[in-house]
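Both of the next two complexes hold subunit A, though its partner changes from subunit B to subunit C.
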Partner chain A sequence: MTDSQSRHPSRGFQSRSSQSRGFWAEAWARFRRKPLAMAALAFVTLLAAVALLAPAIAGTKPVLCRYKGRIYAPCLGYFDRRLEPTIFAKDRFRGTYPRNLKEKDPNSWAIWPLVFQDPHRAVRDNEWPGRPANPAKDEGRPNGINLFGTDQYGVDVFAKMVHGTTIALLVGVVSMGLAGTIGIIVGALGGYFGGWIDMLTSRITEIVMCVPTLVLILAVIAIVEKPTIWKTMAIIGATGWTGIARLTRGEFLRLRQSEFVTAARATGAGPVRIMLRHILPNALAPVLVPITFGIASAILTESSLSFLGFGPPPPAASWGSLLNDARSNLSMWWLVVFPGVAIFLTVLAYNLIGEGLQEVTDPRLREARK
Partner chain B sequence: MTAPLLEINNLVTAFHTPAGRVPAVDGVSLSIERGKTLGLVGESGCGKSVTAMSILRLVAAPGVIEAGEILLRDASGAAVNLVTLPEPRLREVRGGRIGMIFQEPMTSLNPVFTIGDQIAEAVLLHRDVSRAEARGRALEMLELVRIADPKRRLDEYPHQLSGGMRQRVVIAMALACEPDLIIADEPTTALDVTIQAQILDLLADLRQRLGTAILLITHDLGVVAETCDDVAVMYAGRIVEQAPAAALFAKPRHPYTIGLLAARPERGGHAGRKAGDRAIGRLRTIPGMVPAPQHFPAGCRFHPRCAFARLPECAGAMPELREVATGHFVRCPYADALGEPRRLDEPREQIA
Partner chain C sequence: MATYLLRRLLLGMLTLVAITFIVYGLARNMPGTPLTVQMGESDPSRKLNPEDQERMKRIYGLDRPWHEGYLRWLGNVVRGDLGRSFSRKQPVTTLIGERIGPTFLISGTALVLAWLLGVPLGLYASARSGMADERATSLLLYVLYSFPTFVAALFLQIVFSVWLRGTAWELPLFGMSDLPADASWAARAADIARHAILPVTCQTYVSLAYDSRFIKANMEEAVRQDYIRTARAKGAGPGRVLFHHAFRNTLIPLVTLLGLSLPGLIGGSVIIEQIFTWPGMGRLFFESIRERDYPTIMGLTLMFSVLTLIGQLLADLLYCLVDPRVSVE
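And then the complex of A and B:
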C-alpha cells in the first residue's frame, strides 16, 4: 500500500464523498436541477401516460366489464379493432354498451372511462342514461360534458385529442428511432473508418439533406395505395437522419484519435467492439440532443401534413387533422385552440428537454452556465 | 543463448503527409530477451514512440510500416512476423502476448466504464471465461498492482482515481492476460516524482514475479539506470548506441549519449561538469534540437549538434552501427576515442 492516497486517508474520503457515479448519473443529477427541463420531461411523461391510458380516459367502451359470467375489456378495441371481444358484436351491441349491457345481462357490471365520449363518432341521445346527444356544428362549444367542445359532426374534441396523443408521440419516437439508427450507423462508419468510406457516407448524407421531407412525403402519399401513419413516420425517419449522422461522424472522428481508443486497440479489441463499446457510449450524449430536437420537428411535420389533409386515414385523428377540420369552420375557435396548444406545448417540451440535455452533457455549456 | 523474445529488424515507419514522406523510424533493429528489460531512450521526436506503436501496428494513418520485420517468438521458439500478420491474428497478440502501457493514464482509460469493466474486458477478449470469472481476475489484478481497497475500486470510474492509481489500473489491464512482453511508453512521464518511483518499483517487481519482458520507452536516463538490463539510444529515427545498461552508463561511446548523460541533473556533486562552470547548478544541454524527419542532415544525423564532429567526414556517409565492445554497439567512427570520459570537458565550439 504505497500509493499516496492510502497514506492520506482524508484524500480517499474526499473522493468518496464527491460521489461515485458515472457520466449519466452525473448528468441526471444536473438535469434534475433544471426546473424548466424537468417540467418538460414531466409533461412528456404525462403525455405518454395519456397515450397509453387513452381508452380509459375517454371512450364509450367499458374499461372492464362482466358480461354473462365472464370478464371482458372492450376498451382494447380502441387500440385495435380485433382486440374487442367478438361476443358483443354477436349480441348486436352496435358499439352502444351502457344500455345493452344492462338489457342483455342484468347481472353485468362495468368500469367506465373517465369521460364517456367517443373519439370516432358523436354520442347519441340517451346513450348514457339521461344525457342528451352531442351538439353538432357551432353549437358544440366547450361545456361540462364536452370539455373541449365538439366538432361539426358532434364528435367530442377532448376524446379525439386524447386518442390522438398516441400518434403525436409515436410519430416523434418512431421516426427519430429510425433516423437515430440510420444516422448513428452512417456517421459511425464514416467517422471511424475515414478514407473512401467517409467520402461515400458524407456524400450520401449531403444528398439526402437536399431532399425536402414534406414534398417527398406528399409525393409518396400520392403514389402509395394505402397511406398510413406508419409510412409517414418511415419517410420522416428515412430523411431526418442527416444531422445526427454528421454529429456522430464528428464525434467518432474526434474519439477515434483518443488515447483510450488506441489503448483498446492495444488490448486486442476489433473495430466493431471499439465502435460500439468504446466510442459510441462516449459519443451518445451529444447525439442525443439532435434526436430530441428531431422528435419535436417530426411532430411538427406530421401536424403540418395532417393540417394539409394528408394525415392518418380516418377514423384515427391526429392533432393536426383537428386543425384541418377547423379550417372550414373558423367560427369554432375551440377546434383551433386546443389542438394548437397541445402541439405547441409538446414541441416546446421536447425542445426544452433537448436544450436541458445539451446543457448537462456538454462540458463547455456546463461551465458557461455556472 | 536462445533466440530473443522480440526481434525488430531494420524497421522503417514513415508518415506520408501532404508535405512529403517523413521517415520517423528509419531502419531500427532491436531485440529483447525473455524476461529482460530494454530501455529505449531519446529526446522527444526521435521516433521511440513510433517504434513502440509499430510493434503492435498501432501507428495511426498516415503512418505506414514500409520495411523491416518484427519477430515475436513463443516459448518453443516459433516466430511470427507482426508486420505481415493478418489483422485477426494480430488482435490475439495485442493484449494477449504483448501488453501496452501508455503515457497518459488520464486519457488511456475509457471515461464511461468502471475500472473493473475495463480490466474484465481485456480478459474476456483473450480468455474463454465467464463475466464473473473475468471480474474475479480483474480484482486479482488490482490486488497485484497494489491498489488500496481493490473491491471498491472495481466499481469506480477512472475520473475518481488519482494519476498514480490510474496508471496502476493501466498496468493491471496490460498484465491481465499474462503477456510475454509489456511495452511501456513513457509510463511515468505524466506522474509526479514520488509516484514515478512507486510505479517503477511496481514494474520491476512484477517483472521479477511474472517473468514478463519489458520494453521501456523513456527520455529519463535515471529511470533507465534503475530498471533496465539493456539500453538502446535513439536519435533521429535511428539507434545510435546500444549496450548493457551498466556498460552504457560507465562508458558511453556516442557523442549523443555522452551529451544526454551530461545533461542529467546530478544529486549532490557536479560529476561531469567543470569546477569552473560559471553557474553551479546550471544544467549542461545539447545545443540545438532534434531535426524534423524531413530535414535529416546527410551523413551522421547528429553531426550538426555534435560537440566532437569532424567535418567534412561526419557530414559525408551515414556511419554504421558497429560493435566496439562485447554487446556494445555505437554508430560513430570515433567511438573508441570517445570512450575516454575526460574528453567530455573539452567540447568544441558548436558548428553552424
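And then the complex of A and C:
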C-alpha cells in the first residue's frame, strides 16, 4: 500500500483497478521514501538555486536599481558582461556602484545583493560606506564581513564560491549530457545490430577506455585555442562515455530478443523506431544510474583539473581553482576547507542520488530491501 | 585456449597501435615543442635563436610531420627502444625504472592495506546487514568514497604539517626523503616511511571504501541464492554460511577487480604524487606532458595501455580458473 493510496482510500481501489502506476511514478514513489536520497536531491536543488541567484547573493552590482529615471539590473553583468547596462560604463562608474549611484543621481535607489562582495576583485576601502577594504595576504580569516575569509589578493571566498556554483553544476550536467548521448548512441548501435557494427563500436569503446584520461584531457585542452569552461566540459563528456556505452550495449543485446521487439518488428517498425521508442525506454533506468554517478565524477575531474592548474581562465573561478590557490598557502585553512567541503558535498549528493535511483529501479535490489 | 590467447593477443596489438597513434597525434599537436616550452618559459633570454632551433629540431626528428614521427617511434619500439627523454637526457626505460619503485611503494602498500581492511569490513557489513552499527559504518564508508582525494590530501597536509608542526605528530609536507644519500640505510628507510604515510593514507581510503562496498554488494547478491537457503536449512552456522558458502562465491568479481587494479599499481596516481611531490610515475607523466617530452609521454602511455590490456586479459583468464562454468570460448 503506497502513500498516496492510503491517503485517498476512496480513490485507491479505482486507480488500482483501472490503471496501475507507471514504472517511473512507481520509482519516484519509492525514491521519495529514501531520506538520504531526498536530502541529496534537495541539496542539488539548493545548489541550482544558488547558481541561478548567484549575483543576488554575492556581488557588488545592484540587483535592481533606479538610475536617472529608469530601472536597471546591473547584476546580470555577472552572467555575461554584455548584459550589464552600458549607461553605467558611459557614466564612468568603473564597477563601483554604491557611491557613484548616489553622487551621479541623488534620487536613485538600489536593491543590493545579500552579501556585498565581488567574486573577481577585492572590495576597496570605503567602497561600501564605512566598511574597510578586504584584508589581503594571509590576514583574511573568516569573519562577519568575509564569511569564508579572503584569498591572498583580498577577494572574498564566499563570493567566489557562490559564483563558482554555476560551473560545478554545469560541468556535471553538460558533460554527462554529452557523454550520455554518445554512449547511448554507440552502445545502442552495437547492441542492436551486432555483427561487424558491434565489433567496430566495441573496439572503439575499448580504445577510448584504454587511453589514459588525463593525457587525453590535458592534450585536448592544450590543443584547443583559448580554453574555456565549455571546452573543458565538452572534453570531459567526449572521454567519459565508455561505461555508458558498454551498459547500453548490454541492455540492447538483452532486449533486442524480447517479445515486444519482435512484435514491433512484425508491425513494420524500422530499426530507428524500434531502438528509440521500444528498447530505449526500457533500457533507460539502468543507463541513468551510471550517468548520475558520471555527473559526480565529472565534477571531480573538473575540480582536479582546476586544482592542477588547468581550469577555466580567470576571472571565472571554479571550486577546484580555489583549492589550487590554497596549495601555496596551506596556513590559510579556509581556502581549503570551504571549497573542499563544497566539492565533497556535491559529489556525495550526486552519488547518493545515483544510489537511490539504482535501488528504486533495479528490481533485484528492490526485492532485497523487503 | 591457444587460439583464444592468440586472438586476444592480436586484438591487443591492434588496440595498442590505435591508442599510441592517437596519443602521439595529440601530443605532437599540443602547442609548443620540447625546445620552446622548456627554455622559453623559465627564462626568455635563454630562448634559442631560429637557426639553433632548426638544428635541434632536426636532431630530435621534430622537423618531420607527426605521422612520420609516429612510424619511426613505432619502428624503434618494435626493436625494443623507447627512445631518450628530451628534457631529462636519459633513456625513457631508465626513467621509468627509476620511478617505478616509489610509485609501487605507495600503491602496493595502499592496495594491500585496502584489501586487508576492506575484506573484513565488507564481510562484517554483510553479516550485520540492516543493523544500526552496520548502517553507520556503511554510511561512513560511503562518505569516504565520495571524499575527493585531493581535498583529503590538502586537509591532511594542513593538519599534520601545519597545525601539528613542532609536535611529535608532525609529518613531512612533501617529497620522499630529506636525508642526504650517504645517510644510513635504516635512517633513510624510516625517513621514507614517514614521508609515505600521508600519500599512502590518501590512496588507501578511497580503495578501501570502494572494495568493502563492492564486497558487500556481491555478498548481498550471494546470500539471496538458493544454495544459501539450503546451507542454512542443513544447519550450517552463520559464520560457516558466510565464509564457506557465500564469500567463496563472490570471489569471481573480486578477482576481476584485482585484475583491473593492475595498471593503477604501476601507473600511480597523478594527483596524489603531484600534491606530495612524490617522485613516481604519475608525476613523471604529468611533468612529461607539461614539458612536451614526447618520448616519455609515449613510453608511459605504452606501458599503461599494455598493463590495462594485460589486466583485462588476466581478469578474464582468472575468471575461467575460479569458475569452471565460464569458458574462454
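Here is the rule we use: the second predicted complex is superposed on the first by the 352 of 370 C-alpha atoms of A that agree within 3 Å, B and C clash if a C-alpha of one lies under 4 Å from a C-alpha of the other, contacts with A are read in each partner's own complex, and residues count from 1 in each chain.
Keep this in mind: contacts are C-beta pairs under 8 Å (C-beta built on N, C-alpha and C of every residue); 3 or more make two chains touch, one makes a residue touch a chain.
Every value quoted in this text rests on a predicted model; they were computed, and no experiment measured them.
Chemist: Of the partners subunit B and subunit C, which touch A:333 in the superposed model: first, second, both, neither?
Modeler: second
Chemist: Looking only at contacts as defined up top, I'd like to know whether subunit B or subunit C touches more of subunit A.
Modeler: C
Chemist: Touch check for A:289: first (subunit B), second (subunit C), both, or neither?
Modeler: Neither partner.
Chemist: Thinking of the overlay built on chain A, is A:229 touched by subunit B (first), by subunit C (second), by both, or by neither?
Modeler: neither
Chemist: Quick check on the superposed pair: does A:219 touch subunit B, subunit C, both, or neither? Answer first, second, both or neither.
Modeler: The answer is second: A:219 touches subunit C but not subunit B.
Chemist: Check whether A:184 is in contact with subunit B, with subunit C, with both or with neither, and answer first, second, both or neither.
Modeler: After superposition on chain A, A:184 lies in contact with neither partner.
Chemist: Which holds for A:23: it touches subunit B only (first), subunit C only (second), both, or neither?
Modeler: After superposing on A, A:23 lies in contact with subunit B but is clear of subunit C.
Chemist: Is A:247 touching the first partner subunit B, the second partner subunit C, both, or neither of them?
Modeler: Touch partners of A:247: none, neither subunit B nor subunit C.
Chemist: Show which residues of subunit A both subunit B and subunit C reach, each in its own complex.
Modeler: none
Chemist: Which part of subunit A faces subunit C closely enough to touch in the complex?
Modeler: 36, 203, 206-207, 209-212, 214-216, 218-220, 222-223, 296, 300, 303-304, 307-308, 323, 326-327, 330-331, 333, 336-337, 340-341, 343-344, 347-348, 351-352, 355, 364, 367-368
Chemist: Subunit B touches which residues of subunit A in the complex?
Modeler: Within the complex, subunit A contacts subunit B at residues 1-6, 11-12, 15, 18, 20-23, 194, 257-260, 262-270, 273, 277-278, 281-282.
Chemist: Enumerate the contact residues on subunit B facing subunit A in the complex.
Modeler: Touching subunit A: residues 56, 58, 60-61, 88, 91-96, 99-100, 102, 104, 107-114, 121-122, 125-126, 146-149, 155-157, 160-162, 164-165, 168, 170, 173-174, 194-195, 198, 201 of subunit B.
Chemist: Once bound in the complex, which stretches of subunit C touch subunit A?
Modeler: 11, 14-15, 18-19, 22-23, 26-27, 29-31, 139, 142-143, 145-148, 150-151, 154-155, 157-158, 161-162, 173, 220-221, 224, 267, 270-271, 274-275, 285-286, 289, 297, 301, 304-305, 308-309
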